[in-house]
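To keep things clear, I will list the structure first and then write my remarks on it.
As written, the chain order gives the labels A, B, C and D, with residue 1 at the start of each chain.
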Amino acid sequence: MSDSKHSAVADAGHHHHHHDYDFVAHKKMYWAVGAALLIGTVITVLAREWEFSSVALTVSVALFIASIKSYLVCAYFMHLLSEKKAIYLIMVTTVAFAIGMVALILSSDKDPIPGTRPKTHYVP
Amino acid sequence: MEIPYAVKPRPDTGLYNAKVGIWLFLASEVMLFGAFFSTYILLRVQAPHGFWPDVALGWPHGLLNIPIGTFNTAVLITSSVTVVMAWIALKQNQFARFRKFMAVTVLCALGFLAIKTFEYREKFGHYVIQLNDGSRITGHLNVNGSSPLLWTLKDVEAAKLEALKVEVDIPNKFRFPVGHPIPEDIHKAHQAGEHHREREIKVSDISSLKAFIPSTHPFFAIYFTMTFLHGLHVFGGAMVLFYFGFIGSGMWKTDPERFTNRIEVGGLFWHFVDLVWIFLFPVVYLL
Amino acid sequence: MSFWQYLFPPANASAHGKSTDDLLLYLHLLMAVLFIGWLAYFLIAVFRFRSSANPKADHVGARSHFSTYAEIGVAAVEVLLLLGFAVPLWAKAVDQFPVATGNPATDPIEIQIMAQQFAWNAHYPGTDGKWGKQDIKFAEKNPFGLDDADPAGKDDVTCLREPFYLPVNREVICRISSMDVIHCFKLPRMRVTQDAIPGMSIPVHFKPTTPGEYMVICAQLCGNLHSGMKGEFRVVSEEEYAKWYAEKSKAGGASSFE
Amino acid sequence: MQTATTHPGSGAAHADSHAHDHHEPSFLTKYIFSSDHKIIGIQYGLTSLLFLLLGFMLMLAMRQQLAYPNQPIPIVGGLLSKVLGNDMASQGVMQADLYNAFGAMHGTIMVFLAIVPLAFGAFGNYVTPLQIGAPDMAFPRLNMASYHFFFWGGVVMLASFFIPGGAAKSGWTSYSPLATVADLNNVINGQTLWLIGMVLLITSSLLGAVNFIATIIQLRAKGMTWMRLPFFVWAQFVTGFLLLLAFPPLEAAGLLQLSDNVLGTSFFLPTGLVYNGKQLDVSGGGSPLLWQHLFWFLAHPEVYVLILPAMGIVSEVIANNTRKPLWGYRSMVYAALAIGFLAFIVWAHHMYMTGMGTKIATFFQTTTMMISVPSVIILSALFISLWGGSIRFNTPMLFALSFLPMFGIGGLTGLPLGLNASDIYLHDSYYVIGHFHYVVAPGTIFGLFAGVYFWFPKITGRMMNEFWGKVHWFFSLIAMNLIFAPMFIQGIRGMSRRMYDGGATYFSVGVGADPGILWLNKFITHAAVLLAVAQIPFIINFVWSIWFGRKVDSDNPWQATTLDWQTPTPPPHGNFASTPVAHRGPYDYSVPGAKRDFTPQDQPN
């Protein structure tokens, strides 16, 4: 980590970059990411119109695009690409737990005692 | 007494306090929305096969207004770009530009909320009607030219109507294959490519009438819960950004570094709100 | 009641129950060994290293690796109990249901158990062996939602708030459900416990081995009369069961609803 | 270097006799809206002790009912009838609804309003910044907000006793659908307030957790590396993460249940509910098990929230009073981290009886067995730490020592519950009640008592009375065991929990098990009364010592090494006389060659 000490405001809160922080390039990049997000949105919407053979595929495509979009937001807007180790640790753990929660709840639901059925069907 | 590293990063972690704080907070938010998404998924996978409203608890599709939702997504994405531009402007020492971007951000947020409110309203005037023969239709009511909100059968009775005029929805392809209980003529109308169809329904034929509100169906329950909470986040974020950008921006003069940090932290929250929507939008509107 | 009895579950009355009891016994033996071992060590340490006897503490302290071995030992026993007992027992309980071979004298008995606030109800298919038609829309009339109009249901046996019977030494499959809130179907002497969850019907099986009167406990808080929610069942000889069943079946199920 | 001599203000009754460093704050800003972590810690401490007492009193009334079913409750019976109404307590006799309400509130109050705020809010707040050498928490105002959310959460919970229908009565677990249908007559019923209260309490905990973790990451003094943190700080750190990541799902679940209760949704209500012979007018389509998953996703980690800070306190006290370093400090730290990690993937061991298939049940019992290993490691390390020590038996140490076997009993009895094949028999019996009370009552509460006696002199500048402390310890230890040990017997004999009649229905002769265990209900109740009596010396000692206790003769009366003891007494605003630097590990006791048998962490060589 570079903790060069600058008093310049331009450096405040953004210590991982160096003096020659390239604002123009960064601004361009942010707009580009914004555009990519918009395009991603449009593709997701359009993808719905192309009929996929199965629900699973439709869902996967939509979530795949959403994942890419969320990667863009995290990586660029939230500066995770150049963030500190502590933040990574926290976020990786959290996301792992969140996924674990969803996955375990779902697998519990999908693994009942064989013969279990919705009561609404009544007859044994 | 000064709290250390409130502004300047701590050398070994490379972070200032508020940044650690906001990320921890976002971590808890991930778990919060994670739980809501779990709920969504569970409700949905255990819903009976077949399509709402013919199978009462089948999952509804295509009820939300996709063009509007898409537009709203764009609004939110724009605000995410402008908030980070605002921060860059501060770093470049361009306070006026910062203000401009903040204004756009807050306006986008308010725009988002306004559109969302409009969508909610539309749902409150949208009904699912069960007829005595067991078939169900959905659509808007037309009572003397206006479309009443949040009616129940009691309101219909109170209005002393013999028959209800209903703008019946024609199911789109995401609602198919439909089961038999959709009335025959509506099915035909769909095949003829119509989109709306007004029908008169005798009140005595109606066994139940419910607006598209949370208690009507788990889909609406989770849709309203998640979008409402997301909306609260948008609202809270907008308030904070508005405060930083306009009311509390005097700090720029007294303590510019801390001020810039605040904007960064506020921006992180704002991006997170955007992030939630990135998943929420396809999940509730599209799938 | 003798002192020893206090330390053991009430007498087991089912075929699989012994394995549950054995597991409990082994576990408690392990626990006792650990507890007594550690406690003895603890008392010795506390006594021996009291400050009056040992005014100067040793900076390093214990140098042996005993604790590591002890920890590995504990973990090993746990693995043994887990893989050797718990997992197979559970698999046996939930994956290996007795199957009908078509012989009415030895086939497992199937019953539906419907919990409600605050009672246990049982439902048998009757002498024709066919379940009457059930539908949720009749559930307001009777807990099992039996359709009065269905002839197959005329001879169904229903025990509403009254004891139900089971023949001794026959496998029983109970399908547990509830109509209102979550209850828990617990037969302590059969070593059977299964939540009764509205919206789900979950099977359990067991084989009673000792004739007698038994109790169904509700082991899940279900409202203000939770503590009073008891069910009874009787395990009787094959003949007595057949007699009871025939009579009940003749009387018909649907008529006995409240 | 012994930091400072006794500060001129020491011995004054209140912690911040040092406020004169600044302009004189008003009573309001000093005690109510303070953002000083020490004042907030004290606020948390006093509030939660009162809740602890209340939780106990609810239980005493319940125990009375268990021992003498349907007889008027002595002393308070009449009052209860008057205040709560005859449908709750008729002629002083506790009714089933009141029993259930008290039971649910006993659990809720003990867990969320007493132990967590005492262990995390009070000790965590007061001690953590001191031990890491920080002037305060990272976000002092957030800290204040955290207390105020807690306080209002408590007020809402208390208020729920007095509204029509009474407090929540579906257990602290609030399982749906019961929680939704238990009181259909009142829309704003006890359960609604319980949920609102929980949302406030959860918000409080989340703010606290963010603050603690950020503080520990950011504000460690110079030289205070991770492996030099006292174990107490590690325990708080892991606790913070448990709260941070486990509570949000319950917050979500709470909001969903609130919506089920108030807006008529069916998140947790399945299709086809027939209640009181009528189809319930809801859409259905929900899942009762989803509530349980989200609840236990919090509530299992929550039990480690209850135990870890206590382990932290016990470790501090043991190191201090054996006059030697903790044995295996590093493995204790890793074990605590392992507990924190595994705590998130064992929750469904509370749900074995909900109809789990083999695969998922095997997963959860395997992780449950795994999580017992780090507990064994921590406990073993503490036991072995005794070896070679020079043990002082003061009151904090007596409580800390008793913690060990008591937690041992509680932890060991978790094993038969953790294996589903044996849990089949034990589930929801008094065996479970025995199990977890051994960990939370003679376990955690003893750890907290140790902490109270231990840090009291730092907080007030006065010692608590040793003799009465020992009396308190002795009778509490006896009474706790007389209360909770017989519960294992009751459980093994088949007695179920949450029984308003104490199990009488099920032990009616001839049908159920034998009635030979019902007398134990009386026995336990008497022991509980003994426990209550044993608290009197404590309460008097505690209050009396604040003003009249023996003054400490040094800032470091226990001759401890950690930084919390290297401050003026009581520590002023900003804590340290000069910015501390850590030069060594936390427990340099009896270092060979050192002048004294303790070398404070901030002493350079």
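Annotations for the structure displayed:
Convention: a contact is a pair of C-beta atoms (placed from the backbone, for glycine too) under 8 Å apart; a residue touches a chain by one contact, two chains touch by 3 or more.
Everything quoted here is computed from the prediction, not taken from an experiment.
Across every pairing of chains, the maximum count of C-beta contacts belongs to C-D.
Separating the centre of chain B from that of chain C, both taken as means of CA atoms, is a distance of 46 Å. Averaged C-alpha coordinates put the centre of chain B at 39 Å from the centre of chain D. Centroid to centroid, with C-alpha atoms defining each point, chain A and chain B lie 19 Å apart.
Note: centroid distance chain A to chain D, computed from Cα atoms, is 36 Å.
Shared interface positions of chain D, i.e. residues touching 2 or more other chains, are given as 217, 245, 249, 270-272, 284, 287, 289-290, 293, 297, 355-358. Counting partner chains per residue, chain C shows two or more touched chains at residues 94-95, 136, 198-200, 202. Among all residues of chain A, those that touch two or more other chains are 86, 93-94, 97, 101, 105, 109, 112-114, 116, 118-120. The set of touching chain pairs reads A-B, A-C, A-D, B-D, C-D, using the touch definition from the header. Those residues of chain A that touch chain D in the shared complex are 86, 93-94, 97, 100-101, 104-105, 107-109, 111-114, 116, 118-120.
Contact residues on chain D toward chain C in their complex (touch as defined above): 95-97, 100, 169-171, 175, 177-178, 181-182, 270-279, 284, 287-289, 322-325, 327-328, 353-358, 361-362, 365-366, 369, 372-373, 376-377, 380-381, 383-393, 401, 404-405, 408-409, 412-413, 415-416, 419-422, 424-429, 489, 492-494, 496-501, 503-506, 510-514, 516-517, 589-592, 597.
The touching residues of chain B, when paired with chain D in their complex, are 1-6, 10, 13, 15-18, 20-21, 24-25, 27-29, 31-36, 38-39, 42-43, 46-47, 56-57, 214-218, 221-222, 225, 229. Those residues of chain C lying in contact with chain D across their complex are 1, 5-10, 19-21, 23-24, 27-28, 30-31, 34-35, 38-39, 41-42, 45-46, 49-51, 54-62, 67, 70-71, 74-75, 78-79, 81-82, 85-87, 89-91, 93-95, 116-117, 136, 139-140, 143, 179-182, 184, 186, 188-189, 191-195, 197-200, 202, 213-215, 217-228, 230, 232. Chain contact summary for the complex, chain A toward chain C: residues 112-124.
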